[in-house]
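See the structures that follow.
First chain A sits with chain B, and in the next complex the same chain sits with chain C.
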Partner chain A sequence: MRETESARAGRGASAASVSRPGSRYGPGGPTRPARRGGRRLATWLWGLAGIVAIALIWEVYKLLGPADGVVIGDARVLPRTTDLAMPHVWDMIARLGEPVTRSASAQPLWLVIVLAALSTLGIAAVGWLVGLVVGVGLALVMQRWRIAEWGLLPWIVLSQTVPLIAFAPVVKSWGSRVEIGAFEWQDWMSVALIASYLAFFPIAIGALKGLQSPDVIHEELMRSYAAGYWQTLVKLRFPAAVPYLLPALRLGAANAVVGAVVAEVSTGLQGGIGRILIQFAGQASGDPAKAWGPIFGAVVLGLVAAGSVALLGVILGNYRRTEEAS
Partner chain B sequence: MSEPVTQVAAVEVRGVDKVFETRSGNVQALEPIDLTVAAGEFVSLIGPSGCGKSTLMRLVADLDEPTAGTVEVFGKTSRRARLDQEYGIAFQQAGLLPWRTVAGNVALPLELHGEASAARASRIAELLDMVGLADFADRYPDQLSGGMQQRVAIARALAERPRLLLMDEPFGALDEMTREKMQTELVRISAETGAAVVFVTHSIPEAVFLSDRVVVMSPRPGRIREIVAMRLGAEAERAERTEELREERVFFDMVTAVREALHGGSPIGTGARGVETR
Partner chain C sequence: MNHSRRRLATVGGLALAATLAFTACSASGDGSGETDGGGDLTPVKLQLQWLPQGQFAGYFAAQELGYFEEEGLEVEIIPSGGDIVPQDALANGDVDYAIAWVPKVLGSIEQGANLTDIAQIFQRSGTLQVSWADSGIESVADFEGKKIGSWGFGNEWEIFAAMAAEGLDSTTVQIITQDFNMNAFLQGDIDAAQAMTYNEYAQLLEAVNPDTGELYTEDDFNVISYEDTEGAMLQDAIWADTARLESDEAYQDTTVKFLKAVIKGWVYAAENPEGASEITIAAGSGWGPSHELWMVNETNKLIWPSPDGIGIIDEAAWEKTVAGALAAVNEAGAHLITEEPPATAWSNEWIQQALDELEGEDLDLTGEGFEPIDVTLEEGGN
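Our next item is the complex of A and B:
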């Protein structure tokens, strides 16, 4: 029953998309919202099924796997199945509801994680914005001058090969010496800067590709209109870049979160999820389920960051018409 | 034709040639060419691939620069004419911006030149009316057929009321039926606007149906072989060119004349011979 229904909805959809405007293929119209709703529901269900599947595999392996894990030669290729190494899924979930410490005033674990995640999200967002400005700026320069592309692009690629862990403390120590008038460099700014360092890369590459994407015919059309550089940029290049920029921004958002978490760890910044990740891992021998909380938090954080950009894509839907058509 | 001598030509091409530098050496795309297009005149450029007809049009549009010679558009340099928006242009691909509606696409040149939004809206309505797309103002290009897209492109080219329209095989990608319909439309539109048209094509009937004069070109290097004046409906009031014309004897005679010019002047086939081309 479900299948025939969705098949019909699908046919209605294709009829709607090929029908000419003002045509009599009216029935395609009304089915549209229903189909979209159905598809969204299916997406969520599949996502949920994936999570359940992972939990099942975890529990089945924990039940059937050898206590000492699977060892080939000297290498352990699968983990131990003890409660210490692999807590039960329900234990991990239940732990989220319990207080962080035994102290009477302690907040529940989930609240601590959410607060820490929000703090990290804020820093990552600043890093993402800086990455956006720097990335698009570099792309503009590279698009405008061919020679800048040749000169800059290799360095931009090279920049990403520098290990983050190596220069995070350097950034922090440089930052602590920055003091301009009333402005004083804060530790979180170092973390944001490092996040932006990871975020700008996909944005620069995506924006460059996007800015270069207009067809020759469109560029000549703008020339025939005697449109200058800025007019061409605003009316043609930026709109044409949107389909390239959106995935780049999403990658950038995920990178910014990873960068922020890693930078929190390596600069020792308090308050973020990176910090409690380390802290709780240290307590894992006594409280194994607790260490998994921040890991879930970091995963959700990445999803929220990438999802926010997806929202941007919905708003800019009209600029993605060619993308949807193909 | 009895135009006043004072009227300046729409296009004046003098001794223009064009050499493209490629890795394997220089390619002479055009050898020195002279051509004048009067104001309000419809001139087609026809010839096989590589004869430089598109190149010639691009030189007039100032999309390329001639290696030698001068191109004047309404007495100005082609560059000045481009900056002053003396011409509108349409290509083989409609080249609409996919993120803009039909109205938005037609509005583009007006927006770029700072036309006030009220004046813009009425001009757009007028243009869409002219190309018969008044009901489609809010559609997006991907919702239109090829013919409709090309109409939008023509409306866009006419937005600034240019006195010269440059068209590079605008109907080349359309099917035959749509194509004939669009030709009739173009005849009507060019009569309504009184604009001169330089029309690049490689369809002989298309050139004959549309033009006052057909410029026949030949390749390697590109040059003008012959200019064939059309004599359809005597001193052709352009608006009088209708579908019936396509079936008239004089139409076929002109097709033959252009074909013979294309094939090097030697009579071919069994069409009427000895047609005067001037």
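Our next item is the complex of A and C:
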């Protein structure tokens, strides 16, 4: 392990990290794994404690808060505490176990939510991948030519100010006209496209920052080795970009999920969490606990998406030493 | 070496997982209501104005029972979400037909859309304004100065048309935008809430009264029906592209076939509300069985009886809708339309032809024998 690392550094592969303090000590001292395992357990416990705390605050406020909520002036700053506005935590959990409707073929609510969440996750993943390709592609172009950065960057920032509700129907409308040979545009692709539209932004910005991060001295070293653009890119810029790219990818994953859910609501796509979100919201007067199910589903979905990126971080662990050191 | 190979394998695994997710998506996308036709069926896209629900039961019945296919059509029924406006989708050429309320499309026509009402499926307005029984709001005349609920997006014009007819000042009302349920009304944020007979009114009757622990009953509410006021406007109609209707013979032919199948679908819904309700649920509607059945039954009441035949546009009702749309001024002082719509905005030509072609068959095209059923709503519509 140690040998390959130093050999690699000697070859200049991770030259970017050589100069940073911390990296010099290499990964993994003898006490590291045990300490890390303990820390991971603690992280989970704290996460669990956070959820329990929220549930407690919810119930305590529901018990003690005024039925009409807390109103200051004309603005209600805290919600009503009625069963309609704030169902009991246990009611919401119990509702998850009951069938969606009284229909004989109805599945339990939790299953419907899980299936919908998986469908949305799939669409968001496609959107994320497209966003990754587009984002890194744009970053490469912008890094290579300064003039492209000047020309493109303002537009990339501007792109994020277009409201989704204006954007979604247009995408759907374009999509319904796309038909190339046997390929026919599917509605879920419109949703994936909108997800990618939100996802590419942090990825492009993060990748650009990362590709630009190697010190001039390292670039000059590469040049002195007569390394071309591609070699410099693969051996220097990409490894150096990893610590910048990973947080950007995580942001991108969360954005892709938000984009997918909103686009599903917007275009009425069947099968995803966005659709059951509005469907069950319509039933909230008679079945208040039911409407919260898809909301929990969407929260878990966002966590899973961001968590999947952490997995990428493990694979790319070798390139993350500067990130860990700082 | 070993190291990088392992990494390569992991990356490969991830790529494989992503590919699987990708194909899973496309597989589920394929299943979205499209039936694989036997080659020479004419593809038709119908845009609804909301999610699948009993309001559209006739179209789903025509789909499920093969009426479209019998006419040689392969129809894709496209639900709408929050931001898909059916008449815009139709005007853009994304779809072939669209279901939309007449006043909303009149607004779009004045903005330049070239659309024709080819079948007035709902003969009467299903909009209510619901208030508490003890609120003192018993007619439109009591609206001034009140907090009036509406969904907005063109659903509010009946309120203003009715107020204009009573000579009331619409700028005195505070319009509160309602969301997908009746909670704002139940919690007292709205004095009189907009409700469709087939949906939101049922939502109220499915909700538990916290004072009694029982469901609310009709006695708890005052109900103002716009159908009884001057503000009544025509609602669900089938819209077609005017230019294509004029010049495209294949489209004309498809239009008549499409309407014939739709008529059969609605006749089925009138005679088999339970069956139509089950078909709608199978088509992806998320309502509980009792709510869905209520919806189909109330929708039937808006369609039947149709004395001149289902879908025929009653000129007097059309004129009333136009007059209301011209007179209505919203709370911000804006108008829906400022001039009469063009003559191409409606036509009975196609629906009449469809009715004539169905004449010989054993179908009750006017709803003479229509009898609504009694539906008992369960808590939460389940």
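We adopt the following convention: the second predicted complex is superposed on the first by the 294 of 326 C-alpha atoms of A that agree within 3 Å, B and C clash if a C-alpha of one lies under 4 Å from a C-alpha of the other, contacts with A are read in each partner's own complex, and residues count from 1 in each chain.
The rule we apply is simple: a contact is a pair of C-beta atoms (placed from the backbone, for glycine too) under 8 Å apart; a residue touches a chain by one contact, two chains touch by 3 or more.
Everything numeric here is computed off the predicted structure, so don't read it as measured data.
When both complexes are superposed on chain A, chain B and chain C fit side by side without a clash.
In the superposed pair of complexes, A:G282 makes contact with chain C only, with no contact to chain B. Shared-chain residue A:L84: touches chain C; no touch with chain B. Here chain B and chain C are compared by how many residues of chain A each touches, and C touches more. When the two complexes are overlaid on their common chain A, residue A:I217 makes contact with chain B while staying clear of chain C.
In the superposition on chain A, A:Y225 makes contact with chain B only, not with chain C. By the touch criterion stated above, A:L236 is placed in contact with chain B alone, chain C being left untouched. With both structures placed on the common chain, the touch criterion links A:P169 to chain C but leaves chain B unconnected.
Once both structures are fitted on chain A, no C-alpha atom of chain B lies closer than 10 Å to one of chain C.
Interface residues of chain A, counted against chain B in their complex, comprise 20-22, 215, 217-218, 220-227, 231, 235-236, 239, 242, 318-319, 321-322, 325. Residues 61-63, 82-85, 87, 89, 91, 93, 95, 97-99, 108-109, 111-113, 135-136, 139-145 of chain B are the ones that touch chain A when the two sit in their complex.
Of all the residues in chain A, the ones that touch chain C in their complex are 4, 80, 82-85, 100-103, 119, 121-123, 125-126, 129, 165, 168-169, 172-173, 176-177, 186-189, 192, 264-271, 274-276, 278-287, 290-291, 311-312, 315. Of all the residues in chain C, the ones that touch chain A in their complex are 3, 7, 10-11, 14, 18, 21-22, 24-26, 28-30, 32-33, 45, 50-51, 79-85, 88-89, 92-95, 179-183, 186-187, 199, 203-204, 206-208, 210, 281, 284, 286-291, 378-382.
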